[in-house]
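In what follows, a single structure is set out as structure tokens and then discussed.
Note that the chains take the letters A, B, C, D, E and F in the order they are written out, and that residue 1 is the start of every chain.
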Amino acid sequence: MAALGEETKRLLAQTSTPTLTTQLFKRGLRNTFIQGVVRLNHDRSGVMVGEAYTLRYIPAREDLNGPGEYADRSHPQRRSIEECPPGAVLIADCRRDVRAASGGDILLTRLAGRGVAGMVTDGGMRDTPNIAKLAMPVYIGAPSAPASFHGHAAVDAGVPIACGGVPVYPGDVLVGDADGVVVIPRHLADEVARDAVEQERFEAWVLDEVRAGRSTFGLYPPDEETRRRYQAFRESSGRA
Amino acid sequence: MAALGEETKRLLAQTSTPTLTTQLFKRGLRNTFIQGVVRLNHDRSGVMVGEAYTLRYIPAREDLNGPGEYADRSHPQRRSIEECPPGAVLIADCRRDVRAASGGDILLTRLAGRGVAGMVTDGGMRDTPNIAKLAMPVYIGAPSAPASFHGHAAVDAGVPIACGGVPVYPGDVLVGDADGVVVIPRHLADEVARDAVEQERFEAWVLDEVRAGRSTFGLYPPDEETRRRYQAFRESSGRA
Amino acid sequence: MAALGEETKRLLAQTSTPTLTTQLFKRGLRNTFIQGVVRLNHDRSGVMVGEAYTLRYIPAREDLNGPGEYADRSHPQRRSIEECPPGAVLIADCRRDVRAASGGDILLTRLAGRGVAGMVTDGGMRDTPNIAKLAMPVYIGAPSAPASFHGHAAVDAGVPIACGGVPVYPGDVLVGDADGVVVIPRHLADEVARDAVEQERFEAWVLDEVRAGRSTFGLYPPDEETRRRYQAFRESSGRA
Amino acid sequence: MAALGEETKRLLAQTSTPTLTTQLFKRGLRNTFIQGVVRLNHDRSGVMVGEAYTLRYIPAREDLNGPGEYADRSHPQRRSIEECPPGAVLIADCRRDVRAASGGDILLTRLAGRGVAGMVTDGGMRDTPNIAKLAMPVYIGAPSAPASFHGHAAVDAGVPIACGGVPVYPGDVLVGDADGVVVIPRHLADEVARDAVEQERFEAWVLDEVRAGRSTFGLYPPDEETRRRYQAFRESSGRA
Amino acid sequence: MAALGEETKRLLAQTSTPTLTTQLFKRGLRNTFIQGVVRLNHDRSGVMVGEAYTLRYIPAREDLNGPGEYADRSHPQRRSIEECPPGAVLIADCRRDVRAASGGDILLTRLAGRGVAGMVTDGGMRDTPNIAKLAMPVYIGAPSAPASFHGHAAVDAGVPIACGGVPVYPGDVLVGDADGVVVIPRHLADEVARDAVEQERFEAWVLDEVRAGRSTFGLYPPDEETRRRYQAFRESSGRA
Amino acid sequence: MAALGEETKRLLAQTSTPTLTTQLFKRGLRNTFIQGVVRLNHDRSGVMVGEAYTLRYIPAREDLNGPGEYADRSHPQRRSIEECPPGAVLIADCRRDVRAASGGDILLTRLAGRGVAGMVTDGGMRDTPNIAKLAMPVYIGAPSAPASFHGHAAVDAGVPIACGGVPVYPGDVLVGDADGVVVIPRHLADEVARDAVEQERFEAWVLDEVRAGRSTFGLYPPDEETRRRYQAFRESSGRA
């Protein structure tokens, strides 16, 4: 599949996760919002947009996992830090187990330095004060000091995973804002982006109407008269 | 039952949820604090006080729930947005399921614009950055981008509900601060408000004593001498 | 066992909980990070270091627990407030049940005033806005308005407990930062402190290298060349 | 809506809950299987089929709920015991809280004596040894000795409810076997029953083929040749 | 406090846990039924009655807990196996963590051989097939093969504990049947036993009435006429 | 790695999961017992022993998963049914989500017919009455009627997985009895089997001693005298 286009990225950065989940719902997809993650640093960076680079963990085993495992450059976690493409989002399946971290400030600083667009994990994250200062958006299950080898073994990168109860396929488009992270199947990204921006425009106008004191009845969802009024607004503002 | 009096509202706004739960405990009520909700906007608005206007959701069903359902003005969710009385608190039973929202910025802005005193839900809430800017207090289970129809079907308003594990009857008095939300049975509101303010005054004096270095032994709970000293303080400060 | 030395305290205050969990892992201890607690006041006070003074709760029983129980000076909760040594950390086992508090502003202000180094509970905490203003670090399961007698009965102080899934023995050393709280067995505190500070120094240098654009391959964990470069850095900076 | 026909009931009693969930999936309904309930008495009675008579509980409140509440004949729980129609299934929404019962042997024996087709609750059930001996199927969250007033307040009957995470509307058709209970929207019952019996016949034949040693490839799901063979079987067995 | 009398034991063995929880509710105690345990061997032994001998576990620590710990005769777990009095019930607080056992067939066979009346744990239990054959009732959280040292460290015996969410004080009276286990505060045992047997007699008569086809209205709870009829029944059966 | 030898299989079939977890603990492995699964058919078949053939599911996606997916012979679920080797155990990672099944009677009958040694899933299972009649041991999270496509998408076979919180690598040896299932790393199987049988022999003798009335002090764990007595027993019974 072709790489995610710049225009689609630009449009997605103007939308919000609520709008995107509604667009996906209209296409029959209900389970697209990653559950149980929070944004570490939402005061410091904007909307996160990027294609998913996936990393899969299973529970650690005492004879296999420990500090020594990371010396191997083919180790899936370490490889993902150096090979996740700039502009992509590294997303980790930790089975929603936050008892150990799936990264810390050194790894996340490297990711940010390499131009990666963000990181999402349904596991823990350590060194959160330093990570909260990065410009790169980071979503985590919870702060958790123990290193990954306390509880997680990285076994694969680039395979389909679960994250926060949602299926994520490599290349799916991840969009994150202050509400959380939505997963857009890759083949729907262009049309969802386009329609979401239209929906955002309409809802921004609706919100202005509500702020001006109008009832939501007939306004949201719109009846015929509301549709006419919005059309007139769009024409007068030069958008139609 | 008569509407909640202004004097009781005024007194409740001076109390805190810890004090109110203690007053309710003294009257035999132990399960009065809504579990698992957090305040979205506690830097922007004060104590929430108002009578409960209840909204009840069950899980959504694919053939009944979707964006189209909201066009019906008798839909319980939409009706509650336009009919919840000014000064009341809209409180929603989402079965503690945060996988979908029970409102977003358009609906909550309308509620705030209509003079509603606050909203409480044990489900999700979308568009949380905009909602956090409202002057109206809002308590939620978690930020959650998917619209209500992803997971919730509004089936009733104005009936007894569960919210965060607590029974809520229409007209019960809800008080919210930074700790959370307490549910006061309507018929106890006046006496609880009065006694809570007394308790607050005493505890404020105790806190000053502790800040000044006194031991809690004999002070909290008070022994005879402490009671005398507090009485003297009250008289000297003109309150007795 | 001898009291925790000032030098060890000083070193621990320079480390972080991620580093300490790694040092404990190297000594065979995997379950040392308290799960499910958050710091109430991390903008206002620094790293928490102190020996554990333990308090144990079981579920409350209606005929035994209520406001009256606190008048007894031998009550374990009240005693712990007045007897937890300055410099120690009061840590409470609430069975991870946040439906009731294990303290409020009066008790916590007294603790802080007595020079106690911090408090940790896997239960609730009430009056959180006032507590967040204390200089003493406080870690809690969640804000919760109901007083302890709603759900918890203090039955012991100074005994081994569970807190957030971790064993805590009286005298164990607790260190808390923004990520959370780690429990260091007392007999390991000196050597862990010393080695942790060394690890912190190395990782600070690594982080600077990563900020300067270096790959993590060969750097973290370090290969031979990296070790030589770090040694050179240490010598040049006068630390070796 | 017309009462559930005897022919549809007869067909449903020949199907299984796995087959019914598949038929509902084909009609776009995914969330139809009640989660977290087990059958108390599956050795003693057959498939449960009946229309839902719903009962709704919220958490108990100490001043409202206790043994005395049942003297009132309009009490929703007691009314449901005497008014749930013969042939229907009484289904209770206990918010999946098994800490208290939603019935015991006296009430369940009365239900069975009145010809009610079964009971389903996502709460507790007391006196389970006696109830397990009833001929009427009973599905429960867990055995739980405390009476309903310990934790549940019955507030409504005959309204839409949640049970085990599934929406249940009054009149929906409930079918229960050893796997559990499926909820069939009332308007789909006739067609689902008819198609499910067809699917059961085919799968019984497939199971015989597998028992005879055939591979599932091409058999399940069937390819063209399998379809021809099944058609021939049906004709030879006089069913086509 | 005097030992539990034989007459009270005899009466309790004729009651059921539902009846006992109701008697305790009438005395203001709501949280008396141990949550989340099941009986391993209810086909083989009758009602369990005995005074609580408590055992307390905290999470294991790798340097303290392992197979070697049991050689110490003062180890609380081993001591409890040899010192729990005949006729008492050994009850263990495992913090509802079933990932490791709190006993196996050797220890439980010894307990049964010593005349102990039963065991209750909210943790795991290993060797469950052998234990299910014992005449002594055993209630467990779940079968779990790992020995206690995998996850639990016994730290105390004879202290107040939590088990399945319920407070248990040494000497409390435990009664178990197929529904589960109820905890009766020691000082209430005699009166609760006496009143429970009366309640059982009445409810047995009610159940017979219901089996004979009577409505529960007016019967349960009883109205005046029902009370007269029951009184007549008691007199005619020679019990009054 | 060489196939699991027949002698090791034979020895493992004489052991129990408690003994095996202890042997693995002695080798530093603590997390080897699959949590949250129960055996469907333990009255009908003996100990399960076999090498793991793994199957991995992620959450289903509406546009990818449905009844049609199974027609593809390369589909990981269907392939695993036909390709899991005789004597191996099919083990599925369903992320502990029992809301949908990971198999039913047709697939499981085929597995049993092909000589597969058992199946383990931490998800649901449908058609459980038929499956309970198979001679092949089956361990499940819970009965659950909905087919896998309701909630699970099979994405891989033959890769490392998590099952019930435990890491499972292809070829690991799974042993199941009435307590549950233990995972033995492949390279340890031979020595663990041998030592476990020795431990079983000793514990069988200990159990006989306890049944004869001996105290566990000095017996379990054994002191010097006990060791001598056991040695004498072994010699007299011709085993030494």
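As a convention for this text, a contact is a pair of C-beta atoms (placed from the backbone, for glycine too) under 8 Å apart; a residue touches a chain by one contact, two chains touch by 3 or more.
These figures come from a predicted structure and were not determined experimentally.
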Interface composition of copies subunit A and subunit C: same or different, split at half: different
Per Cα centroids, the chain farthest from subunit A: E
Distance between the centres, which are taken as Cα means, of subunit D and subunit A, whole angstrom: 39
Centre distance in Å when subunit D and subunit E are each reduced to the mean of their C-alpha atoms: 32
Where subunit C and subunit D are represented by their mean Cα positions, the distance between them in whole Å: 50
Two or more partner chains touched - positions in subunit E: 30, 165
Complete list of chain pairs which touch one another: A-B, A-C, A-F, B-C, B-D, C-E, D-E, D-F, E-F
Contact footprint of subunit F on subunit D as seen in their complex: 16-18, 20-22, 25-26, 30, 32-33, 35, 165, 177-180, 182, 203, 206-207, 210-211, 213, 215-217, 220-221, 223
Partner subunit E, residues of subunit C touching it in the complex: 27-31, 58-63, 95, 153, 155-156, 159-162, 165-168, 185
In the complex with subunit B, residue positions of subunit C that touch it: 66-68, 70-71, 73, 78, 81-82, 98-99, 101, 104-107, 109-110, 113, 126-130, 143-147, 149-150
